[in-house]
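Down below are the structures I want you to see.
Note that subunit A is present in both complexes that follow, paired respectively with subunit B and with subunit C.
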Partner chain A sequence: MNALPQTIRETIARWLSAGEIELFIGWEAGTIPLRATPAFIRKAEEVERLIWDATCENNLVNFLPKYKGKKVGLMVKGCDARAVVGLLQEGQMIRENLRIVGVSCPGVVDPRKVARRLGIPVEDLDEAQAEGDEVVANGQRFLLAEVIYDVCADCRQHNPNIYDVAMGEEVADPAGDPFAHVRAMEALSAEERWARFAGELQRCNLCYACRNACPLCYCNVCFADRTMPRWVYQSDRPEDVQFYQIMRTFHLAGRCVGCGACTRACPQGINLRLFLDKLRLDVQELYGYVAGTDPNAKPPLTTYREKEDYNDFVL
Partner chain B sequence: MTESTTAKPWEPKILAFLCNWCSYAGADLAGTSRIQYPPNVRVIRVPCSGRVNPIFIVEALRQGADGVLVSGCHPGDCHYLAGNYYARRRFALLQRYLEYLGIEKGRVQFSWVSASEGARFAEVVTRVTEDVKKLGPARHLNIRIAAINESEPEAR
Partner chain C sequence: MLTKDRLSAFVEALMRRYRVFAPVRRAEELRFEALSSADEAVLDYRNTLKAPKGILLPQTECLIRFQRPLDQFNAVDAVPLEAAPTVILGVRPCDARSFLMLDRVFCQGKYTDPYYKARREATWIISLACDHPRPTCFCHAFESGPYDSAGADILMREAGDAYLLQAVSDRGAQLLEGLNLPAADVAHLAQAEEIEAQARARLREVTPVKGIEEGLDHLFESKVWQEIAEKCIACGTCTYICPECHCFNIEDRVLLSRGERVRSWDACMYSTFTLHASGHNPRPDQASRWRQRVMHKFNYLPRNVGLYGCVGCGRCVLACPVRLDIRQVLQRVREACAAPDRV
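Let's turn to the complex of A and B:
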């Protein structure tokens, strides 16, 4: 793990001691191998705890709505930055209240992929850490690029699009279709698509980690927690699980920025972005809109065009 | 609703969300004009097609509807000026999304029917009913079918 560069640490310390922010959210070394943990820094002298490396997977923007109206600083990767834009668009934050350190990110490491390479369960990883563009785990070395999350491999925005201070060398965005997995699913028959959807969700036990990790899932009362009416039951019936996942993902239609926080948070390794990315692709195709790019753009489902909007599906 | 187990041909249950100002009045006109249409629809009157939350549609499928129809005023005719425009954006995405997840095309449909289009309402209902009949009973998301399968596997 790497401590932050001197200049960045000094900047954050200055923000804190000058009262520009009362809290800075970054990452610090955690207790689980290959997983940094969020750090909440309130005093200038504590900035030494902060780190940045390929184990810093949490999307810290998730915490922002909890500090609505407060002056907060935080570190964002390229994908996380889009979530900041999303929150600004939805009026959840005021830009003036934020101090953002934008990190250029080559991708974060997927502990499951490393464990698979080693042929062990992910729980058996120990002594693992990220070192530059390599990952060392259980005595073996891997190229970081080969063990990053799928969402990172499909990332087309490695550098944050909103920040006050930039950190790290800019990472080039590769060409290629980031929606290849969606198009592969589209090519299947309806039966096969359902089998894929239901098959993935077989492992879901409604722990709501996806919702809790999502930076855009900030409803005060989630429909899944509502008791009047009660939509979602804590049951093991596949229909209830499917219902929850359909409605949660659809609630992110036109809002999901594709940061992959839900997919990384899922303890069962469910490929949630296979479903959310379909919504992102359709929003792009139908309404020419990419979530998390323009803080002043209106979210696509809060606006309309009388003549030009897609109408062919209506009888 | 209990159904006898004698060999009656299967008839689809279709839930229709009709907006108060256009489609519900259109359905009413179909009735008062004595136009025949399939009796498979169960109508829920809503203030506007924009009032229909996507959760209603998915919940209907879960509760055993074989098909869902949402119908509102024609573009430009919304009583609340723009409710149907918002609905259109939402449901274009929802329909594509459900299809992507493997819910057959045709289970969830949308239409514009005005208060003066009684005949058109009958046409829409006929078409949706035929589409759903072709697809057969809803197999996905349906907790009723799931419950039957669990309790007595041979009953289906």
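Let's turn to the complex of A and C:
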């Protein structure tokens, strides 16, 4: 793990001691291999705890709505930065209240992939660490690029698009189709697609880790938590699990920034990203819109223009 | 003694008389499931993602069904209590101990839960001593360890090319008698002892939990809960995979004239936990929910039923999406106990 560069530490310390922010959210070393943990820093001297390496997987923007109206600083990767833009677009944040350290990110390590390479369950990964562009696990070395999350391998924005201070060497965005996994799903028959969807969700316990890790899932009361009326029951029955996931996915249409926080948070390793990316691709193809890129753009599903619909009978 | 080449035959013999649950591999996950064939059972493993508690306390369970034809309120059907003779094979000692606490809550207190009790009385637990504790394991912080037989009917232990089976309870002894296994020889006993010593040597140093309940008595109003809860994202991961968490919710699901009363796992981390019908919630924020989690496990349960609500399996440490480590929480609690900031 790497401490932050001195200039960045000094900047954050200055923000805190000058009262520009009251809280800085970054990452610090965790207690299990390959996973850093969110750190909440309120004193300039605590800045030393902060780290940046390929184990810093959490999207810290998820915490921002909790501090609405307060002056907060945080670290964002390229994908996380889109979530900041999303919150600004939806009026959840005021830019002036934020101090952002943007980190150029080559991708974060997927412990499941490392465990798979070692032929063991992810929970049995006892000793592992990220070292530059390599990962050392149970004595074996892997290239980081080969064990990053799928969402990172598909990333086309490694450098944050919104920040006050930038950190790290810029990472080149690769060419290629980031939606290949969605197109593969689209090529299947309706029955096969349903089987894939239901099959993935067989493992879902409805623990809401996906929703609660999502920076754009900030509803004060989620439909899933409403009891009057009860839209979805708190159970692991397929009908509840499927209904919840469909509703959540649709509520994120045109809003999901594709950071993959949901998929990383899922304790069951469910590929939730596949369903969310389908809607991201739809919104991109139907409206030419990519969520989280332009703070001044209006999200397509919150706008209405007359005569926009191709049907005559719709005004 | 059971030689490993006889393991399949042993599981088959059990399957003829019992429904047998054991760890099985499903995609990348190891989970307790009812075996459809003896070969499915995986005993060479460290622990499952989820605890086996769901076998006795299912995540979702229908308690009664009812009908409301026209304007009558009648036709309530009790769901028959399920009590198929069951063996849970290969339970780790930490998980076996968890059933002791669940038994006290559901069967041995002032109230008895007939659904849990019916299943419990028809269930035998064959535990498997733990030779490769994970770095996250802290069962030994609870006056227990990887060879603890508490909660099991039979304890199995590794002895090279064989397992040694030892009856722990009377009903375990009865089950074992019917299986006609040969007695262990001296060489295997010696080997088992050596393996046990190696397993104990693998345990990391931990601070004993005992006594924490007294400190917690003075910590209800502490600011420490706010600090602990700050990074929690309020999902149910820790409670759902926990062998001890047993809080549940009961709801009526009505569709036209038919309905059912369903019990399902709840989680103290949810904003809907203890939410009253009035809209009031006595635990309105994540700090008070974390206080409830720690108090319930480490103060109320030891006081009320004499056992902690945690066995130190370390599952929540590994699965938490933000790595909120219960061991660190306990450490922070100890520090706060030493210097309480009562407000």
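General observations
Rule of thumb we're sticking to: the second predicted complex is superposed on the first by the 304 of 315 C-alpha atoms of A that agree within 3 Å, B and C clash if a C-alpha of one lies under 4 Å from a C-alpha of the other, contacts with A are read in each partner's own complex, and residues count from 1 in each chain.
Here is the rule we go by: contacts are C-beta pairs under 8 Å (C-beta built on N, C-alpha and C of every residue); 3 or more make two chains touch, one makes a residue touch a chain.
A quick note: this is a predicted structure, and the numbers were derived from the prediction, not measured.
Using the contact criterion defined above for the overlaid structures, shared-chain residue A:299 touches neither subunit B nor subunit C, since it reaches no partner. Of the two partner chains, subunit B is the only one that A:247 touches; subunit C does not reach it. Shared-chain residue A:124: touches subunit C; no touch with subunit B. In the overlay built on the shared chain, the residue A:237 is in contact with subunit B and with subunit C. Using the contact criterion defined above for the overlaid structures, shared-chain residue A:286 touches subunit B, although it does not reach subunit C.
Of the two partner chains placed by superposition, only subunit C is touched by A:212; subunit B is not.
When the shared chain is aligned, subunit B comes close enough to touch A:310, but subunit C does not. Once chain A of one complex is fitted onto chain A of the other, the partner contacts of A:116 are limited to subunit C, with no touch recorded for subunit B.
Legend: residue contacts after superposition of the two complexes on their common chain; A:268 is shown touching subunit C, with no touch to subunit B.
Residues 237 of subunit A lie in contact with subunit B in one complex and with subunit C in the other. Put simply, subunit A touches subunit C in their complex at residues 30-32, 35-38, 40, 58, 62-63, 112, 116, 121-124, 126, 203, 205-209, 211-213, 221, 225, 227, 230, 233-237, 264-265, 267-269. Across the complex, subunit C meets subunit A through its residues 26-30, 45-47, 49-50, 59-60, 134-136, 230-231, 233-237, 240-241, 249, 251, 253, 262, 264-267, 270-272, 275, 317-319, 321-325, 327-328. Per the touch definition, subunit B reaches subunit A in the complex via residues 54-55, 58-59, 62, 75-76, 82, 85-86, 88-105, 109-112, 124, 127-128, 140-143, 146.
Subunit A makes touch with subunit B in their complex at residues 185-186, 190-198, 223, 231, 237-240, 242-243, 246-247, 249-250, 253-254, 275, 278-279, 282-283, 286-287, 300-306, 309-311, 313-315.
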